[in-house]
Each structure stands twice: as C-alpha cells, then as structure tokens.
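Below, chain A partners chain B and then partners chain C, in two separate complexes.
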Partner chain A sequence: MISFELSEEQQIVRSTMAEFGKTVLAPQARRLDTDSCIDDGVLAELWSTEIIQAQAEAVEEEAGSRSPVTNAIILEELGAADATLALAMASTMGFVQAIADQGSAEQRARLLGGFAGETFQAAAVAMMEPRFGFDVSRFQTKADKAGDDYIVRGVKAMVPLASRCSHFLVVAEADGAADAFIVPLDAAGVTVVEPKGALGLRALEMAEVAFDSVRVPSSMRLGEGNGADVQRIIDSARVGISSILAGLSRGVMEYVIPYTKERIVHGAPLAQKQAIAFNIADMHIDVEAMRWLNWRAAWALEARQPATRTAQLAYTYAGQQAMRIADDGLQAFGGHGFVKAHPLELWYRNARSLSVLEGAAGV
Partner chain B sequence: MDFTLSDDHKALRDSAHVFLDKEVDLGPLLKPGATVADVDYAGLWKKIVDMGWPGMVVPEVYGGLGLDYVDLIMVVGEMGRTLAPAPLFGALAGVWSVLAAGSEAQKTQLLGGVVGGNLSLALAIADADGGYEAPGRGVSAEAAPGGYRLTGSKSFVVDAASADKIIVAAVLDGERRYFVVDRTASGLEVELVAWRDITREVATVRLDKVPAELLSGSAEDAWPFVRDRLYLVLAAESAAGAHAALDQAVEYAKQRVAFGRPIGAFQAIKHQLAEIAGQGECANVAVQYAAWALSEGDPRASLAVAMAQSYNSEAYRDATHRNIQVFGAIGFTWEMKNHLFYKRARCNAELLGAPASQREQVIQILEREAA
Partner chain C sequence: MVDFSLTEADQRLQAVAHRENEIGRKYAREWDRNSENEPSRIRGIHPDVAGLESPHAALEREQEQTSGLVIAEALMDMVSATDVNLRDTGEDAFGSWMLNDYGTEEQKAKYGHVKLAIAITEPGAGSDPANMRTNARYDPATDEYVLNGEKVFISFFNKFDGAVTLMKGEPDGAGKTPFMTVVVTKDLPGVTEIPQFKKLGIRSHELSGFHLQDVRVPAIARLDADFGKTMSKFNHNRPLVAAHALAGARSMLDFTHARLAEAGLKVDYAKGRSARSANEDRLIRMEALWEAAWGTVMRAKWLEHQMGSESHGYRVEASVAKALGGKVVRQITQGCLEILGPEGLSEEYLAEKWFRDVRIADIYEGAGEIQRILIARALLGYKNELN
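Now for the complex of A and B:
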C-alpha cells in the first residue's frame, strides 16, 4: 500500500546520522581535503556508527538491516556532512552488501566476519576502468577460465581507499558476460597504483588497481556457480551516489539560507531578492525531487523489482541538479564562495567529481 | 516507505485508461482554427458522470464514493494523459469549494446533486489580472431580500459554460465569501475566453445584480483548502501529460529515419528523451507524495502540493517543448496532437499562478517552519 512515511527505525537512523554528520564529520571535511587523506581516527569514527557491521552481521531473516532505502537515507545524511566520507562508507557498504546479497553461503561465512570487527576495514567494488569511452556495459577487464580457477586481467580505476582495502569485488567480463570476482588485496598480481590526485573527493585516495593475471579460484566468483547479477550492483551504486549528491545539495542549501538572510545588498537581505529566494525554493524542490527518485529506485531494489531505469535516471538527474545547486550556492556567496573560508568551493568540486564518477553522466 | 499501488488503485487507473482511450477523440481539434466548441465536451461529461467520477472525492456521508487523493490521481492522470475535454476540473473545484465553505444542508443538497449526476459546478475566483489573493476585487456582494446579489466579473473560470451552478468568490463587508449562483440566472453572462488550450473551457463570468446564496460556512481558509487540491489535479495531469509526450516522442524517434538511421539513435535526440524521462519520474513521484500527504492529512501536504505543481508544470512544459523538437516540423502542424499537449502544459503552468507563485509559497512555508 502506497506510503511515504519512514519507519520508526528509519527515522531514528536518519536523525542519528544527521547529528553524527553535523557534529563529527562536517568539521573535519576541510582538513581531510587539504591533507588528501582520511586519517585512521576519522575512519574509526565512521566505523563507530556500526552501519557496516550491522549489514555484515545481518542474517537472511534480518534483511531489513540491509535495506537499500535505509542505505539511501544514511548516505544522504552523510553526504550532507561530507561527500568524501559518505563515499568512503558507501564504497565498503557496496562491497559488503554485494557479498551479503549475492554471495554463496560459504562466501558470506568466509568474508562478512571481516567487516563485523571493531576496526575500520575498507573494501570496494572495482568497476571503472581507466580509458576514454568506458561504459559499464563493456568491460575490458577479463576473467578467463583456467581449470577450476579464473585468471583476471585488467586495470580498474577510481577505487576508493584502494590501498586500505582488504578485498576488491572486481567486475570483469567472463565468458562474454559481466561477472564479479572477489580478489584479496594481497593476491599475487594485484598492484595499487599511487593516487594521482583529483579535482574533488581528494581525501578518498582513489587509485587505479592493476590485476596482472591474478589467479582467482572459482569459489571466489560472486555467487559461485550462479554467477553475479552485476546490474544489481551497478543499480545499488547509482542509488548510493545519487543519495550522496542529494545530501550534498541539501548541505549547500542549508548553508546558503542563513547567509542570504544576513547579507545585506542594496539595503535589503539577499534572501528578499527574488533571484536568490527563488533559487532557494528551486534548490528545495530539486532536493526533494532527487530524494524521492532515489527512494523510488531504492525501494524497487528492496522490493526486488526492476530498478535499472529508475536508478539510472536518479543518478543522472542528481548529477545534473547537484551541479546546478552547487553552482548557485557558490554564486549566492559571490566572492566568498570560491575561497576556502567557506566549504562551497569544496562542495562544488565534490559535486563535479561525483557527477562524473561513472563517466560523464550526460553520456 | 512503500511505492506500491494497491490493486484497487491499479484497477481504477486501468478502467479509466480503457474508458478514455475509447471515448476521447481529439480529431475534431486537429484542424486550423479549432476551438473547444469543436469537441463534444458535454457528451464526454455525460459518460464520465455515468462512471461516477464527479462524486469520487465527495465524502460518503453526502452520497459520494469518499475516495482518497491517491485514488483521485489515478483518474486525473488518465484525464491528463488523454487531454480528455470534459469539465472534471470545474466539478472538482466546485465540490471542494462546497466542502470548504458550505453548511451541512448546503453540502447535502449541492454535493448530492453532483453525485446524482444532476448538477455540475464550477468555481469563479480569479480576478482579471489572474490573481487569487483575498479578498479579491472582481465581484462584490450586497444583501438583498431573500439572499444576496453579486455584481462584477471573474476571469479564467474553468468549466463555467458547462456548469449548472457556479460558486463565486465575492467581497462582502471587506472579506471574501463564497456564493452559489445559477448559470442561467438573469444578469449572469458567461463568455468563453479564446484560451489557447482548446481541450479546456475557460470563461469570463460577468454578473449584474445576480441573485446568490451565501455558502454559510465561508471563511478565509476555504481557498487554501481548494487551491491545494487543485494544485494536485494540475500536477497529476502534468505528470501524466509529460509521460504521454515522452511515449509519443520515443515512438516517433524509433520510426523516423534520418541520415540512414532512426533519429532515436542520435544522441541529440536520445539525450532529450532521457531528460524527459528523468523529469517525468520526479513528477510522478512528486504527485504521488502530494496525494499521499493530502490523504493522510500530513502537515507537509501544502508544501508537497506547491512543490508538485511548480515542478510538474515546468517538467510538462519542457517535455512537450522537447517532444515538438523531436518531431520536427510536423510536430507543430495542426494535424498532429503535439501542440495540444504543449498548450495544455503551458496553460497548466499558469492557471493557478505561474510556477514562481508556488515557489513563493514554498519559501513562505519554509520560513514558517524555520520560525
């Protein structure tokens, strides 16, 4: 039955994450961006939310704790505080969720325990590839059958926290179709390339990871004999990123509103000028639109309904709107917008990075 | 959180879909100079009355179906998808006005008439400048033996020409009150406006000492109640219309070949279609959320409907603009339906105030919440 009410649990998660984001994460965002690194203390704070542990520990019957809708809520709140840290969380969450969701019983038993401990453990879905013209329907990374094993060859790009990951879920073409393979960081032939730096999401240490004829046993093919539903992993990733973009956009709006009330121009607060006031109304409407589209896609994932179209629309839409909102927010601050005294330039760079993370959203 | 439409919702939508596909014929409008007079407004309405739609939102206590707003958008969406030329907008505006401003006796009598199919209503509230602000200037009321008399004019009155009775907002002792007049009353003149959306009847109503009955529960909050619901109606029409525009454009883009390929294979076309699809999904969810909020009496309902109306107006306008672009020259010929959708989109965006006025409301609501 149609309902737009969050469950009590989701409301609690939302307010808890909002508070955590505002008080713990947001104040550290600038420092992390400057350092281009997330220190262990911040990662420990992220881990203390126990979101990933709960998803790793959830047994089949408690699939609710891996709810894509709840994940979307969490990532929006974290995104409102800092998109980089939200993505650090989303990246590991994506790996854990894929294993929990699609892994065989043995894979779940073997791997999920590593994400239920007391210290931060990164992992990532290694999807993107470092070449012009990459798109998620054609992978050049190949997994060729060799006896009982697969040999994985290729290079993955923009892998968050790559050197800290214990495992990668490598999406590769196997026997003409996309499939996913669980590869430990320390497997022979895996090399993490030194991060080259980026426009935004700088602290995420996104790096290329090379897989040079890495031998992966069949038991580490996600889902083992059944293989993986890679599209579902892509859909989940898109909803995750678009939720972070919705959060980032909301963060811009919430930062701009008090400033425009205080800043006097031509004898009246900026907020009383229609050009600004209407921009803020548009921001509010667009953030709501992004959120509902995200939740619509997340709900489809949760209900195991076809989600690809909505997830793609949500990601593309959020990428476009977040860029406009980040730009309008920066514009509202005028000269103050592009100096580091305010976070707008940081958010602008992060929005730009998120919106092209999967390749140009416009393509 | 659950986006699942119930089986009842789907059944209602599907029956409306089948019915309107069969009954709506826009053919007579696809010729140069066509006006709303060229379609059988009254004939379609009679069949719609037989379906019971005018009584959908009338509470059961007055004999109606007492359906909620999610039910309503199932039907209104189909009306929007097909551009069904029939006075449902006016009927709903009238019903909600009576619900907001009528006494129990008036509700029983007037709404009973609507449900029974014997009475169609319209609401005259906008002034000549298109403003809806209270108390309004267009019509004044004066006490007269046995009731009141109204003098003045109201503009942009949807479905006045086909109504039996018109609810008129008039100024009495400096405040806006709501009155009922007979459309055939002496001194009342309904003049159809050359409204560009020729699937909808819009008129100017002039009154010269027209006998009127005061809706005795009239109060200032009647209009916000009615307006919020009419926002939902327009937003639902717009969301469905945007989807229709997308479907038509997609179909055409698959068939039309240029430079040896279907035009849908060119990025310049398919990106436009993807844009419409994204906005269309947002519009759809916005209207479902607004309908749910109104049905639940959620405190966010006024914000939700204002956002839906603002967003969906622009989404529909963009969708129909791009739709014509995809069709190219043939898209703005009289014999194609494209221009009808564009005109509906353009008019929906202005009928209850431009999207800017809803943005103004959004700002006001947010400021109230923040205070």
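Now for the complex of A and C:
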C-alpha cells in the first residue's frame, strides 16, 4: 500500500539530525575543507549521534530493526549540512551494514562489537580502483584461493578515512565473480597510500589502499559459505550517495533563496527574475523527486525486494540533478559563488565528487 | 510506514487499465488519422469493450482495497498509453460537473439535461486569465446578460450542447472587472462554433471553440462559481495530466527497450557508467526521469488522499508533479526517437504518435512555466511580485 508516512521515530530522527546538522556540522564545513582533515572533536560529535552504534546493535535485537529508509532520511539531513561529514558516516555505515546484513553469525559477533564503543571507529567498503574507465562490473583486484585462505592482490581507491579504518571490506574477483573480504588495516601487506588530495570531500582524506598479497582466511570472506552479494552492497551504496546528494541539493536551494531575495539587480530582487526563480523552482522539484526515488530504493532494500534498478535510477538522477543544482546555485551568486566566502564553490566541488563515487556509502 | 508496494487491488486495476489500452491499440493509428475529421466514428461504447467492465467502474468497485482511490486512479493512468477512448459516455462533460457542484436547483432544472464543456482559454489569454476579453453586460430591461468574446481550445465543445464559460463582468466602483461564470448553449443566437482544431497530437481528443456576438442569456444562466472555484479541480487534475503523459512515455520506453533488445542491447542496471554504451546510458537516464516523475505524482496523490481532493494543502506538490511530468515526457519521447533512429519515424509504429501526443502535457492545465511560478512563489513567499 503506497504510503509516504514516516513513523514517529523517523520524524524524531529527521528533525534531530536536521538540527544537529545545522547547528553542529554546517558551521565546520569550510574549516574542515581547508584543513583537509576531520579532527577528533568533530568525529566525536558525529559518533555521539549513535547512528553507527545503532546499526551494529540492531543485529543483536531483531533482524528487521535496521532501516535503510531511516538511514536515507538521516543521510539527506546530514548531507544538507555537509556532504563530507555525511559521507564520513555513510562510509562506515556501508561497512557495518554489509557485515550486519550478509556476515555470518561468527563475523557479526567478531566485528560489530568494534562499532559499539565510545569513540569514532571508521571502516569502509573498498570498492573503487585507481584507473580511468574503472567500473563496478570489472574488478582488477583478485582473491585467489590458497588452501584455506585467500590471497588478495590489488589496489583500491578513494577510500574515505582510510588511515582511520579498522577494517576494509575489499571487493575482489574470486573464481570469476565479485566477492568481498574483510581485511583488517593491520594485516600484513596492507598499505594506506598517502592521500593525494582531491577536488572535493577533502576532509575525508580519501586514499588508495594497496593489498600486496594479503592472506585472508576463508572465515573472513563475507558470509563465509556462499560468498557475498556484492550487488546488494553496490545498490545500498548508490542509495546512500544519492541520499547525501539530495541533502546537498536542498542545502544549495536553502542558501540561494534568502540571498536572491535580498540581492537587488536592476531595481528588483534577483529572485523576482524568472531565470532565477525558475531555477529555484526546479531545485525544489528535483530535491523532492530525488527524495522519493531514494525512499523507494531504500524501501526496496528494506523489504528485500529487487532494488538494483531503483537504486541505479536514484543514483543516476541524483548525480545528474545535484550537479546541475550546485551549478545553478553558484551561478545565482555570481562572483560571490566563485570565492570561498560562501559555500557554493565547496558544494560545486562536492556535488561532482560524490556523484562519481561507487560503493563508498550505505543505507 | 514508508511503503511503495502496490495492493493486489492496485495491481488488478492496473491490469484492467492496461487491457483496455491494449484493446484500443489497434485503432490508435486510424483514430489518429481520422478523428479530427470524422469525430462521429469515435462515439459511444466500442463493441470491442461492450461486454467488459470499464476501468472506471472497476476502480469504483475496488476502491476500498486500493492504496487509495486517487492513488489507484493515477497508477492506472500511468500504466501504458491510452491511445483511444473506447467509451465515449459523456463523462468528460466538465461543465456539467460544475453545474452539478455549484448550480441552484432552478439552474439544474434548466440546464441539467444538456451536456456542457468548460470554456476558459481565449486566443490572447491562456495562462493569463486576467487578459480575458470575453465579457458580460447586464441588461436590466430584460434581466439578461449580453455576452461578447471568443473561446478556443475547448475540449469536446463540438460534441456537447454548450459550455460553462468564464468571462469578465462589468467594472465595479473601483474599476475592477470581476470574473463570472455563465452557461452558454449552442442554440442561442450569436453563438458560432468554430471547426475542430487540427493538432500535433492527441488527435482523438476533440478541441474546438466558439464566438459570442451579442448573445443574450437569461440572468439564471450565471452560476455562483467564481474563478477560484473553477480552478479548484486543478490540484486534482494536474498530477493526472502528468500521469497520463507518463503513460505515453512508458509505452515509448517499453517500445524502445524491446526494439533495442532485438538489436542486441539489453539494459543492465547493475553495472556502472563506464561499462555502458551511449544508448544504454541514455535509456537509464530516461528511466530515471520517468521514475522521478512517478514519485512526484504518487506524492501529490498520497497527500490528496490524506487531505481530500478539495484541499489546497497539496497544491505545490500537484504543481511539482505537473511540472516534472510535463518536462520529462518531452525529454523521454525526444530521446527515444533519437535512439530508435530513422525506422522509429515510420507510421508503422506508434512511437512517432507518442512523441506527438505527450507534448501537450507541458502546456495544458497550466504550462510548465506557470507551475514554476506557483512553486517559486510558495518557496520565496511571493505573490504578484513574481510574474
């Protein structure tokens, strides 16, 4: 039965995250971008939301209590404040979700406790690879069977908070199919390459991680027996990214509205020119459309319905339209959009960055 | 709980609507070619569906088990292109609905037996009703109104007996001319019907108009339905206009997928951008447009279901659905024809027809620009500052 009704819990989470984002996260966004690093204080504040802990603990309670729809709502709110910090959460959430969702009982018991503690603990799905033309349908990272173990060889790219991660979920080709392996940061042969800096999401210190013949026991193959459903991880990541993009887009719109009402051009506020007002209307239309696509894909994940198509469409639409919204938002500010006194140039960089990432988030 | 599943009744109703569309499909080309010239061919209930329950009746019967009456209606509308209406039963007499809603008993007694269209648009006043020139002058000597003006793009005026007509009254003390709504019947001296318009698409949707030259109507012909009341159906209708056009775009996409599959291209939603051909990428982007618009239609209809159709509480969402739907059906049908290439132009297929049919969706019931003005005013807190 078609419904857009949020549960009472979802309404509370939504307004709490909106307030947290506005008052705590958004004011730090510029500083973090400049520093190209997230300090411990901000990480502690993120951790205090207990979003990650809830994912980890939910497994112990009841299987159905983790909600991709709720997570999509949370990521939109965080994304509206700062996409970088939203992805800091979503990246770890993607890892925890994959373990909670697909891990064997033994893997859940061994790993999830590490995300229930008092301090921020990062982990990431290591999906992308450092080459032009990379695609999630073709991995050069290989996992070859060697007795009871797997030997993982390859390099992963754009791993958020890589040096802070306790574990990576490395997506690699094993026996001709994509599979996923849980690899601790401190395993022999794992090297986090010094971050090279990036266009956007700079504070995430996205880095390459090299896996040089890393020996991984079969017990660390996600799900053990049958191997991992990598597509489900990709689907969940796409919805995570698109939820943050919806938030980013909304943030742009909400910043553009007061400015264009105040800025007088040729005798009238900018917002009274159709060229500007129509862009603002289109921003609103697209933010709504993105949100319903995200909810629908998240609902499909939650209801264990086929989600690959809806997740792809949510991701495709959000990536395309968020870039346009960030672009139009910057344009509305003219020269002020180009300089760092306003966040438009930051959002412009982040919109392009986020929308090309694969596997780096989860709902 | 957020839920995007369809009830069994929703799905049954979609199947009923789809079946009706499929039955009509074989007449699509013929009616596209002929119905503007020979509208008599499309009158009454077509023998092919005479024994079948109509989608409308099925919806009435099953509504309790649906996601909601207005939601199910939109779901049915979006299922596939309705190329022809096989049931011409006069339910599209929107002016008669208005008489029924706003008329007095005396007015219903006088006009209840005639079928009435609704007449708003003029050659120089479409989206901007303030520009309307059609007017009424009261003649106290005879207790009549004297009407002059011209109305165009009036749905089904040719087949009905008249129209509930929006016009301007005489200036009041402040010089303002109020809108008024008057029943005009074709039998009055001075009413001249104009021929059907020849159109780009939706050719079996009959469209004509009329001139009024010193037409005298009794005072009772004036309905107590002001402009706001006339517009009150817009919130309900706008998402349906989008839904109806999305159905055309759905058929276009399905056709394109099927033809490309025959040519060896099957869309894979799993892989990423780098592993796609240009055509596959475009199809995915067009599917995304379609589903984006679907979501906004569902959102508006869900709110309407919660608030009641007469509510203005979902008017922005109704405009969002209309604006996005109107935009994406243009992009989708243009894009599909480009992908299909020269063979897609042929009248052997309906692709070229759907391309023509959906174009109106971004114009009627408030053009895309009007929807954007309404949305932007709501966001910016503007009224007439934004025009």
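Just so it is clear, the second predicted complex is superposed on the first by the 351 of 363 C-alpha atoms of A that agree within 3 Å, B and C clash if a C-alpha of one lies under 4 Å from a C-alpha of the other, contacts with A are read in each partner's own complex, and residues count from 1 in each chain.
Just so it is clear, a residue touches a chain if its C-beta (ideal position, glycine included) is under 8 Å from a C-beta of that chain, and two chains touch if they have at least 3 such contacts.
Keep in mind it's a predicted model, so treat the numbers as computed, not measured.
With the C-alpha superposition on chain A as described, chain C and chain B clash in the combined arrangement. In the overlay built on the shared chain, the residue A:124 is in contact with neither chain B nor chain C.
Comparing chain B with chain C, more residues of chain A are touched by C. When the two structures are aligned on the shared chain, A:288 is found in touch with chain B and with chain C. Judged by the touch definition given at the top, the superposed model places A:90 against neither chain B nor chain C.
In the superposition on chain A, A:317 makes contact with both chain B and chain C. Of the two partner chains, chain B and chain C are each touched by A:4.
Of the two partner chains, neither chain B nor chain C is touched by A:46. When the two structures are aligned on the shared chain, A:277 is found in touch with chain B and with chain C.
Where the contact sets of chain A with chain B and with chain C meet, they give residues 1-7, 10, 69, 257, 274, 277-278, 280-282, 284-285, 288-290, 292-293, 295-296, 299-300, 303, 309-310, 313-314, 316-317. Considering their complex, residues 1-7, 10, 69, 257, 274, 277-278, 280-282, 284-285, 288-290, 292-293, 295-296, 299-300, 303, 309-310, 313-314, 316-317, 362-363 of chain A touch chain B. Within the complex formed with chain A, the chain B residues making contact are 1-6, 9, 70, 267, 271, 274, 277-279, 281-282, 285-286, 288-289, 292-293, 296, 307, 310-311, 356, 359-360, 362-363, 366, 370. Per the touch definition, chain A reaches chain C in the complex via residues 1-7, 10, 69, 133-138, 231, 234, 253, 257, 261, 269, 271-272, 274, 277-278, 280-282, 284-286, 288-290, 292-293, 295-296, 298-300, 303, 305, 308-310, 312-314, 316-317, 320, 358. The touching residues of chain C, when paired with chain A in their complex, are 1-7, 10, 67-68, 71, 75, 268-275, 284-285, 287-289, 291-293, 295-296, 298-299, 302-303, 317, 320, 323-324, 369, 371-373, 375-376, 379-382, 385-386.
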